[in-house]
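Below, chain A partners chain B and then partners chain C, in two separate complexes.
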Partner chain A sequence: MGFINVKKKEVQIKIVYYGPGRGGKTTNLDYINKKYKQRIKTEMVSIKTHGDRTLFFDFLPVDIGKIHGFDIKIQLYTVPGQVKYNATRKLVLKGVDGIVFVADLQRERRDSNIKSLEQMKENLLTHNKDAFKIPLVLQYNKIDLKDQGIPLLSVEEMEQDLNSELKVPYFVGSALTGDSVVETLKKIISMTLISFRKELQ
Partner chain B sequence: MMHGAEIIKELKAAILAIEWEITDEAMDNLTRAIESLQKRWAGKKPLLVCLQVLGTLGQYIKKSRERAHQDAINLLPVVFATLETVVTDDVMDNGRKIVLVRETVEKYNRLKTELAKPRKTVAREVFHSSVAERVREAAPAAPGKSPIRDILDQKEDQAVDGAFNAIFQEMVGDDRRGAPGQKAPAPVPPAMPSAAPQAGPDAKEVVLARVDDEEFPEADSLLDDFFSESGLDFSMAEVKAEPVMRAAEETVEVDLGRIEVKREDVAERGRPVSEVEEEEVSLVKLERIIHAMRAALGKSLLTDLAEEIASLRSQYPNHLSVLLFLEFIASLGRHLDEHGDVARDLSLNMLETFYDRLSHALFTMQPQKNLLASHLDTINDYVTWQALVAGELAEARTVAAPAPVQEMAEEMSAGMLAAVRGVVQREVAELRRELLQLIKQR
Partner chain C sequence: MYNVSQEQLETIDVTLKEDLLSIGVHCAIVIDVAGNTIAQLDDGHCTFDVTSFAALAAGNFAAVDAMAKLVGEQQFSLHFHRGENESIHFSKVNEDILLICIFGQDVSLGFLRLKTTEVINKIKIIWQR
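== the complex of A and B ==
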């Protein structure tokens, strides 16, 4: 559920980067933050702890401009990867409008990708959301490792593992070099904005 | 012929999956991978030994799940690393490889001895049969959820929820806040967690659904504009040259405990990217010291330990749970410093166990009751350890000064006692409150 405030002429959209730990979610946000820092104007925030609880996620607000007079405010979040932080993952998904699932191309992370996606689907269900309905984009990350001779999964394998049923757009890229990072983000924002289209006209 | 790395890739995947999460499926994959390799390597003793150790550890972990000893879970990748070296390292000679396997098996044997030790001592019995056990009974770890478990989970979520709310309001404020000269404050995040009130009375919710075959040219051109390359003073070289610094100076880290915004220490990040841990916490140094002690115990490490404990104490002056664990860890450190030869392995194991529990207590989102059990276990283990060490010290009369024996027996320092009392009181009160609530709901 995105928010549209007709009086303030403002739209708020929440995008969450989800995926296995160390897959490159934070690196995606870092890249965006660094590259567009003059345009973003706000600061990236990493939330670490609260007393004896840990709430790990990154938060980057980006105001991209106006459509039909409406300010479009995008909030980017990442979730923590570690198993024990599922409570935080669930919470960050609350009220999500669009998801970028960052999968790791390294062959040895194959199971982690699959598990994480499954868990994402489950976590969405607890918020009455459906992975088959929500705007979703996959990013197959760390393609740069190919040059280092590290065994990677093929795009066909990734598609088979993760996208055979979802059938959503995917991007092969590298958060480290910035390959496809912007394309991925543009795609997910565009997909969520399409859902707002009627409201904005 | 298949390459070594290729042969063990399934096993590797299984081990990594377990690192991610212990599930039946992950454990079954491990068993399967081991069985297939056992056939392939028939007759190759060192390889089979490694497989056997992996198999036994796997079975133990599968059986005991989250109750599995952390050392067992930690040992799994260590054994695998040995196996991987033996299989894939073309440079290392066979003699060295056999030594490596032997050392690994030795680690396993030590763990086995540790695990086989009678868990029930007198002191332990007292605790277990009383509070800790009852707490466990009240909320069994079984998959079928108990009402208490539900409530605790709920409470946990609410607590986290509340924290989010408070933090976001404090942190991002509303559009008008923000001191002059500061960067524009971030907008209030929507829908996190109680979206509607934050979005204001004029806000309207829009349920977003995926629309595959529509276009929104205005949106796309806005995105093209915003993300266009022109006018950016940004080059890829910059990113590559200082990957760790990337955005570090742009990042504001918030310690939610105190809700104050502080700039991230850029210098701190000056490490190789590969070493950047995901959930970096301030126990990193303590952990490093404790692990190093296992490898080579020395005076300087013990000094480091004492210093790090002092620094942690001052960082968490009000965190009773942390203080409690630190007391015990400090005491073990002092013992190793003064009588490093007495009950050395046991003390080192204890140190690691306490550290694990501390890190869990500090960074877990576990409900209160688990922390209580963990504190009681620790007090208990400490008392047991202390009795044992005092006994050994008394026996080994070679120790010149008799004084420590006396001191040891009573060495539950004032600080320790205060910490224990505080923690237990607080937790018991909390549990009582929860129970009363539960009773009322009935």
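== the complex of A and C ==
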């Protein structure tokens, strides 16, 4: 849940990158961390396995400056993508204000995208949140693989699979090259702030 | 999104100072279960990154809480990590907020527990306003 600190004139907002394992969530945060080095005062925190897979979460705090006199502090989290870690995914979703769902464009990952999104909806329900109401953006990731001849899903197929009911904004991009990473982040931040506009006035 | 009034935050600061820092606690932090920092007071020597600490603490607390439920406990009432120089004590204020104390060897765990219980009761009352 977003927290407004009236004393420090500060707003803390929690945004979670969700999606199937190896889809590119951590890579999104890595890119943001590099790109905004000067605005990020601390090291990115990553709790991972020896094999470099996310075990619990990655955490990256980003200050985006002032809105209506409030310092806006965005806290970015990723969930562990591996199927067996659903209990921890649920924990990371606690108090979430906005979600970026990172889907993998590779054709062979089609099922895992769909399953992950379904599970996200269920997990949100356990926190009394609704995927249809919470600020949500989809990112169709790894478009750069097209040049390597790897079979990818088309945007129409992605939309059909994931967004036919949700109808939320989506971006086609590459977390590796940074394509659309910033656009995705800006979109989710602005949607989340809009959802808080009453409190911020 | 929720907020806490300036007065509430100031009252929380006062109890952290009078009940915890006064007995030698190095740093007292109140966070919510999402990992946001609500209040933080220290003795001036705490140089670590409180934002990341709060995120990890909330995650850790949630994980231990989930483990308790798995073995059929409502919760483990005490979360405590002892280090060579610094130790960390976690306690639950209510469903939404946690109190964390970082303290050295000069503070006994028993006394700290007594004091945190008092502080928790005070914060509960402040929170209800």
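Keep in mind that, in the parts below, the second predicted complex is superposed on the first by the 193 of 201 C-alpha atoms of A that agree within 3 Å, B and C clash if a C-alpha of one lies under 4 Å from a C-alpha of the other, contacts with A are read in each partner's own complex, and residues count from 1 in each chain.
As a working rule, a residue touches a chain if its C-beta (ideal position, glycine included) is under 8 Å from a C-beta of that chain, and two chains touch if they have at least 3 such contacts.
From a predicted model like this one, the values you see are computed outputs, not experimental measurements.
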Exercise. Check whether A:67 is in contact with chain B, with chain C, with both or with neither, and answer first, second, both or neither.
Key: first
Quiz prompt | Partner chain(s) touched by A:123 [first = chain B, second = chain C, both, neither] | solution = neither
Quiz item: Just chain B (first), just chain C (second), both, or neither: which does A:34 touch?
Solution: first
Quiz item: Per the overlay, which chain contacts more chain A residues, chain B or chain C?
Solution: B
Quiz item: Should A:94 be classified as contacting the first partner (chain B), the second (chain C), both, or neither?
Solution: both
Quiz item: After superposition on the shared chain, which partner residues are touched by A:6: those of chain B (first), chain C (second), both, or neither?
Solution: both
Quiz item: Which partner does A:136 contact after superposing on A: first (chain B), second (chain C), both, neither?
Solution: first
Quiz item: Do any residues of chain A touch both chain B and chain C, and if so, which are they?
Solution: 1-7, 12, 14, 41-43, 45, 47, 56, 59, 61, 73, 75, 77, 87-88, 91-92, 94-97, 195-196, 199
Quiz prompt | List of chain C residues in touch with chain A within their complex | solution = 1-6, 9-10, 32-38, 49, 51-52, 55-56, 58-59, 62-63, 66
Self-check item: Parts of chain A lying in touch with chain C, wherever the complex brings them together
Solution: 1-7, 12, 14, 41-43, 45, 47, 56-57, 59, 61, 73, 75, 77, 87-88, 91-92, 94-97, 195-196, 199
Quiz item: Can you list the residues on chain A that touch chain B in the complex?
Solution: 1-8, 12-14, 20-22, 26-27, 29-31, 33-39, 41-56, 59, 61, 63-68, 72-73, 75, 77, 80-85, 87-88, 90-92, 94-98, 107-112, 115, 132-136, 151, 168, 176-178, 182, 185-186, 189-197, 199
Self-check item: Of chain B, residues touching chain A in the complex
Solution: 5, 9, 12-13, 16-17, 20-21, 26, 29, 156-157, 159-161, 163-164, 167, 171-172, 183-187, 189-193, 195, 199-200, 202-211, 214-216, 218-220, 222-227, 232-234, 236, 239-240, 243, 246-247, 250-257, 264, 273, 278-279, 281, 319, 321-322, 361-365
